[in-house]
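Below, each structure is written out as structure tokens.
Okay, so subunit A shows up in both of these, paired with subunit B first and subunit C after.
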Partner chain A sequence: MLAIVGGLLVSGVMIAIAGFDPLETFAVIARGAAGTPQSLGVTLTNATPILLAGLGVALPLRCGLLNIGGEGQIYIGALGATLVAIAFPNLPAPIHLPLSLLAGFIGGGIWGAIPGWMRAVKGLNEIITTIMLNYIGFWTVSYLVHGPLKDPDSYGYAWTIKVPVSARLPIIHEVARVNLGLVVALIVAALVHFLLWRTTLGFEMRAVGAGPQSARFAGIPVTRGTIMSMAIGGGLAGVAGAVVILGVQLRLSDFFSPGYGFDAIAVALVGQTTPVGVVLAALFFGGLQNGTGSAHRTLGIPQEIALVTQGIILLFVIGSQSLTLVRLLRKRRMVRLVEHIR
Partner chain B sequence: MNKRTTLLILVAILSLVALVGCGGTAATPTEEAPAPPEEIAEAPQLRVAMVFPGTISDQGFNQAGYEGLKMIEEQLGAEIAYSENTPVAEFEQVYRQFADDGNNVIIGHGFEFGDVALAVAPDYPDVKFIVDSNPIVAAENVAGITGESWQAAYLLGVLAAHMSETGKIGGIAGFDFPILVAQMEAYRLGAESVNPDIEVNVIYIGSFEDVAQAKEAAIAQIDAGADVIFHIADAAGVGIIQACQEKGVWAIGWGLDQNDIAPDTVISSLLFSGAQLIFDDTKKIVDGTWTGEVRLYGLSTGVVGIADYHGLVPDDVATQIEQVKQDIIDGTIEVPYIETPAE
Partner chain C sequence: MNSLLRMENITKIYPGVVANDGVNLEVTEGEVHALLGENGAGKTTLMNILYGMTMPDEGRILWQGESVRIAGPKHATDLGIGMVHQHFMLVPRFTAVQNIILGTSPQKGPWLDLKNVTKQIQKLADQYDLEIDFDTEIQDLPLGMRQRVEILKALFRGAHLLVMDEPTAVLTPAEVETLFQILRNLTRQGHATIFISHKLEEVLTVSDRVTVLRDGHNVATQITREATKPGLAQLMVGRPVVLEVQKSPVRPTGKTVIDIDDIWLEREHGRDQLHGVSLRVEAGEILGLAGINGNGQRALLEVLCGLTRPARGRVTVLDTDVTGRTPREVAALNVGRIPEDRTTMGLLPPLTIWENLALEAYYREPMSRWGVLRPKVIAEFARKLVQEYDVRTPNVEVKVSSLSGGNQQKLILARELHHEPQALIVANATRGLDVGAIEYTYQRILERRDRGAGVLLISSDLEEILCLSDRIAVIHAGQIMGEILAEEADRSMVGMMMTGTRLEAIEGPALPS
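This part shows the complex of A and B:
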């Protein structure tokens, strides 16, 4: 709470310097985030992909792995979902939609499993490999939508044809225009919670995260935990990509993600890597983005100031919790040190 | 960990409550009734919102659109709002928010807003949607508008063919976007109308920013014999003009009169005013002549044209080009819109 008040104070000064009324601005931000059914709907729609991708970061983090590859996993997941969606246009919706979402999960999962395997078997730093795979994922999709998958009637724009209606996430609230993706995301969050605290695999992952050495001594399959956490994490990010395509954008294009994979890292950290925390953090993020965007559009506040406001508030929130991050990084270093000495 | 989680949940809930709370009180002023309907016979206040894909200070496409929006504000007395750097993910929600906020004209700056305009328009029958640089979308309350820049490119092709001594001319464009291809192909047709055997070499370099690469492309064309080069490469075009200046051949610019970059080299430029385009179309709404259709703005309007020759072109050539221009305006010459590159 203190963090948010502090963030508001500092950004209020910024807004005042830029020549706008801070109180009015915050009122508009709040109204833009949740003041009307429509704006609340936008907040929820914004929150959906970062919620899923945030889980995709939080889960490997529980296993002691920092997944920076959300963006690449989102692109490959979106690719998988789009391919299945446009390859089988005649399937009935109850089969087609889940199948497309599953394809998103598998696509992102492969993109997560690769660095997971490299880490577990070859000892390669997953931070580096996931960043590299971001580029490969992004440019692969870029190539495909510029080439083989390009809509022939796109007038030169690099995008695919629209996904058929049977693969689209239906709107579940007409006024707020929220699609089924939100429900999918919440169910997935519940499943992740169940996985982490109610299954053997989840226990293994957490044990590995707590200390790979002791986990190994205790007879826990460290390799399996490492690979599985990255694969599932990547899969969750892949579903985020699928939900964006099947629910909002309806066709795959390059630059379709405004950086969900990177917001996801902040969401996972603010949410303390628990599924419940990630859900709340994603809603907060979604509302903040929507609200500041709304201030830009209705008050004419320069976008830069709107983004700075957003950044300052986030900085305060994350800053107030920095202990988590420090603790995590310190643990990683200790582990490395131990491995090094041995 | 548990304590922290509880704390976090508490914080999130409190902030949500705070947000919603503020929302409740703040919402009242804007939700006043939108002016009594019968008494005022005047048209309602014009409120124009514009959605930009990029930054309004980009010295190029977006800035031109923003200048048009400012013209609408100053000369038509409109209230304006805009969204810049709008990600594809947010097109629809931005459109809906602008419509819900009571804007009665929404302009999408770029071809890519065609889909969203068509999708949103039926829900807001009283709002007029304009998509500029889009020659295909049209609906009851949606108009796709485009400047017929390819007409001007045809004229520049005529000019280039007259000025070339080697019988070889070049064209360099940033990307093979249909609107750019159409201009390059019109340039080719214009040149061939003067000299059927002329060799027109067109390159798409894949960048609007890479000055060095653009310069290389220009030097390659010049080395192959081209002695007039027309560019549509935004910022990278500077490199092309530099190459022409160094090699002593003619250059043709794009966008604004680019003669000031190299006064002895740039014989003319394709003039395209994105600002004029959206201003002219919005003015139709004020005049009551606006309809939902595809509208093209050609050489007879102030939207497209060619720049002054700055004394570099012989008078008889200038006269001939003036004649061709008149023929295009009259419809005697029809410049086709070709969206796939030749060869």
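This part shows the complex of A and C:
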């Protein structure tokens, strides 16, 4: 709470220096984020992919792995969902939509499982491998939408044809323009909670994250936990990509994600790597982005100042939780220790 | 004797805990003053106050007769107080010299005046007879030498009073001997030392006076010559302690429970290898495996638990060949394993008590079904064990990291012994525990033996080996130096084997057949 106040104070000074009234700006940000059903709808729609991708970072983090690869997993997930969506245009919606979402999960899951496997079996640092896979994922999609998958009638835009209606996430609230993706994301968050705290697999992942050496000694299948956490984490990010395509963009391009995979890391940390925390953090993020955007449009505050404000508030929130980071880094040191011993 | 330091009526209250309650401590010039107490007795708090890391709520400190308010470690250092922490505060990638000058920056213009300062440090090392390799990075130095670097670092900063926090915890017996020599040297040259420990033996050997703390109070200050081991133990724990373990005679059964047959293991790092180790543990006996740490014990433990596959040889536990099995398959046998490092091998400190107790059985019925945990069953199980093993905790949802070392140990014992294992593997299990918890651990191990379990006791603590074992084997450089019956063992003989002399070489010519 103090962090948010501090963030507001510092960014208020910034806004004042830029020549705007800070109080008015904050009021506009708040109204823009949740003042009307429409603006609330935009916030919720913004929050949906960040929420899913945030879960995709939080889950491996519980297992002691830092998944920087959300962005690549989002792109490959979106690719999977798009392929299934446009390959079977005649399926009925109750089958087609879940199947497309599942394809998103599998696509992202493969993109997460690769660094998970490299980590568990070859001992390669997942931070580096996930970053590399971001490039490979993004440019693969970029190549496909510029070439083989390009919509012939796109007038030079690099995107695919629209996904058929049967694969689209329907709008569930007409005024707010919120689609079913939000519901999917909330259900997924509940499932992740169940997975982590009520299943043996989740227990294994948390045990590996809490102390890899003790876990191994006790007979926990560390390799399986490591790979599964990254595969599921990647899958969740893949679903994030799928809901953006199937719910909002309706076609795959190489510019549909403004960095959801990176926002996801902040969301996971701010949310203390618990599903409930991630949901709240994602909503906060979505609102902040939406609100600062609206301050830019209505008050004419330069986009840069709006983004800086956003950054400052986030910095304060994350800064106040630096303990989470410290714990994470400690865990990482332990993991390295184990590898050394091995 | 002049008083160098007086801490009077020191009181420090943390939320919920009175860490120090009117503690008095006096150190005179040129003495080694031992500070004795169990974990949590307030030793560390008192020293943190002395070193300016935290402020006392009440009381005052007199340094060389003058009242001082120590504002921080820098201030303490300026006064002439040096601290050697239990966990060394050294940069692993720096050499000894670089570590020693760190933060003092001896300059000559804009450059470090390394040449001059190295000479200075060398002179200081010679003066106190500290043997240090100055050109090697700290990470490649043995622990004993790292500690000497810490001592020299404090002396270089002008320490007159040296505080040593559990200095022997990480050292081999030979290194401990060297350390004591250094302490005597320091005393001879007028330095005073506060020696923090909970090992009675060492306190009696090295100190001039001893102050005992218990539950934040000081119980007594005695002249060491007039103190006795049972007397100090009683002061420390608050009740009479049985230091000698009551042991019933061994009843040989002839049934092998652990059979280690010609195990070979080579590793890249060079240390901790095994070159043809064979050992047999029978039901109803304790086989002690003595040896200085790093001579293959760790490798043997890993092979026994399925963590590492040996290059050659075979291990049989309870008639099951476990060579190359997974850790889980080994854990599922009727085996108890008490590892050497509670927080990094035995427990998951960030998780709760119930999670830690379920660590080896969560995947089976009744604790889970179809991959879903059953919290009620597990919590019930955990509550039962917590009660049975007298773990002090408000409930089983408490994180293990917030428990004391003794209570953590009880958790491991509970998890590993509750199913009445027929084979028990114990590795340096009492390291860092206080007297009460050690006593408890010994009792539980002996109880298992008396009920017919075979126990392999791996330990670098010679006392522990001599006190518990029925037979003793000694490992050195990955080879067994010899095996003897416990009643025929004497300290010097085992000591010689620990440093690499074979039993035949000791016995051969000396004993007439």
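Keep in mind that, in the parts below, the second predicted complex is superposed on the first by the 335 of 342 C-alpha atoms of A that agree within 3 Å, B and C clash if a C-alpha of one lies under 4 Å from a C-alpha of the other, contacts with A are read in each partner's own complex, and residues count from 1 in each chain.
The working rule: a contact is a pair of C-beta atoms (placed from the backbone, for glycine too) under 8 Å apart; a residue touches a chain by one contact, two chains touch by 3 or more.
Because the structure is predicted, anything quoted here is derived from the model rather than measured.
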Does the superposition put A:33 against subunit B (first), subunit C (second), both, or neither? first
Let me test your reading of the model: by the given contact rule, A:98 touches which partner, first (subunit B), second (subunit C), both or neither? neither
With the two complexes superposed on chain A, say which partner A:198 touches: subunit B (first), subunit C (second), both, or neither. second
Greater subunit A contact set [subunit C / subunit B]: B
Does subunit B (first) or subunit C (second) touch A:170, or do both, or does neither? neither
Which partner does A:220 contact after superposing on A: first (subunit B), second (subunit C), both, neither? second
Is A:89 in contact with subunit B, with subunit C, with both, or with neither (first, second, both, neither)? neither
So, does A:274 touch the first partner subunit B, the second partner subunit C, both, or neither? first
For subunit A, which residues count as touching subunit B in their complex? 1, 3-4, 26-28, 30-36, 38-39, 42, 45, 155-157, 177, 244, 248-249, 253, 255-258, 271-272, 274, 276-277, 280-281, 283-284, 287, 290-291, 293-294, 296-298, 300, 303, 321, 324
What does subunit C use to touch subunit A in their complex? 305-307, 326-332, 337, 339, 343-351, 355, 358-360, 362-363, 368, 371-373, 375
Contacts from subunit A onto subunit C in the complex sit at residues 197-201, 203, 206-207, 210-211, 213-221, 327, 334, 337
Show me the residue ranges of subunit B that touch subunit A in the complex, using the header's touch definition. 1, 4-5, 8-12, 14-16, 18-27, 49, 81-85, 87-90, 92-94, 96-98, 100-101, 111-112, 136, 176-179, 181, 339
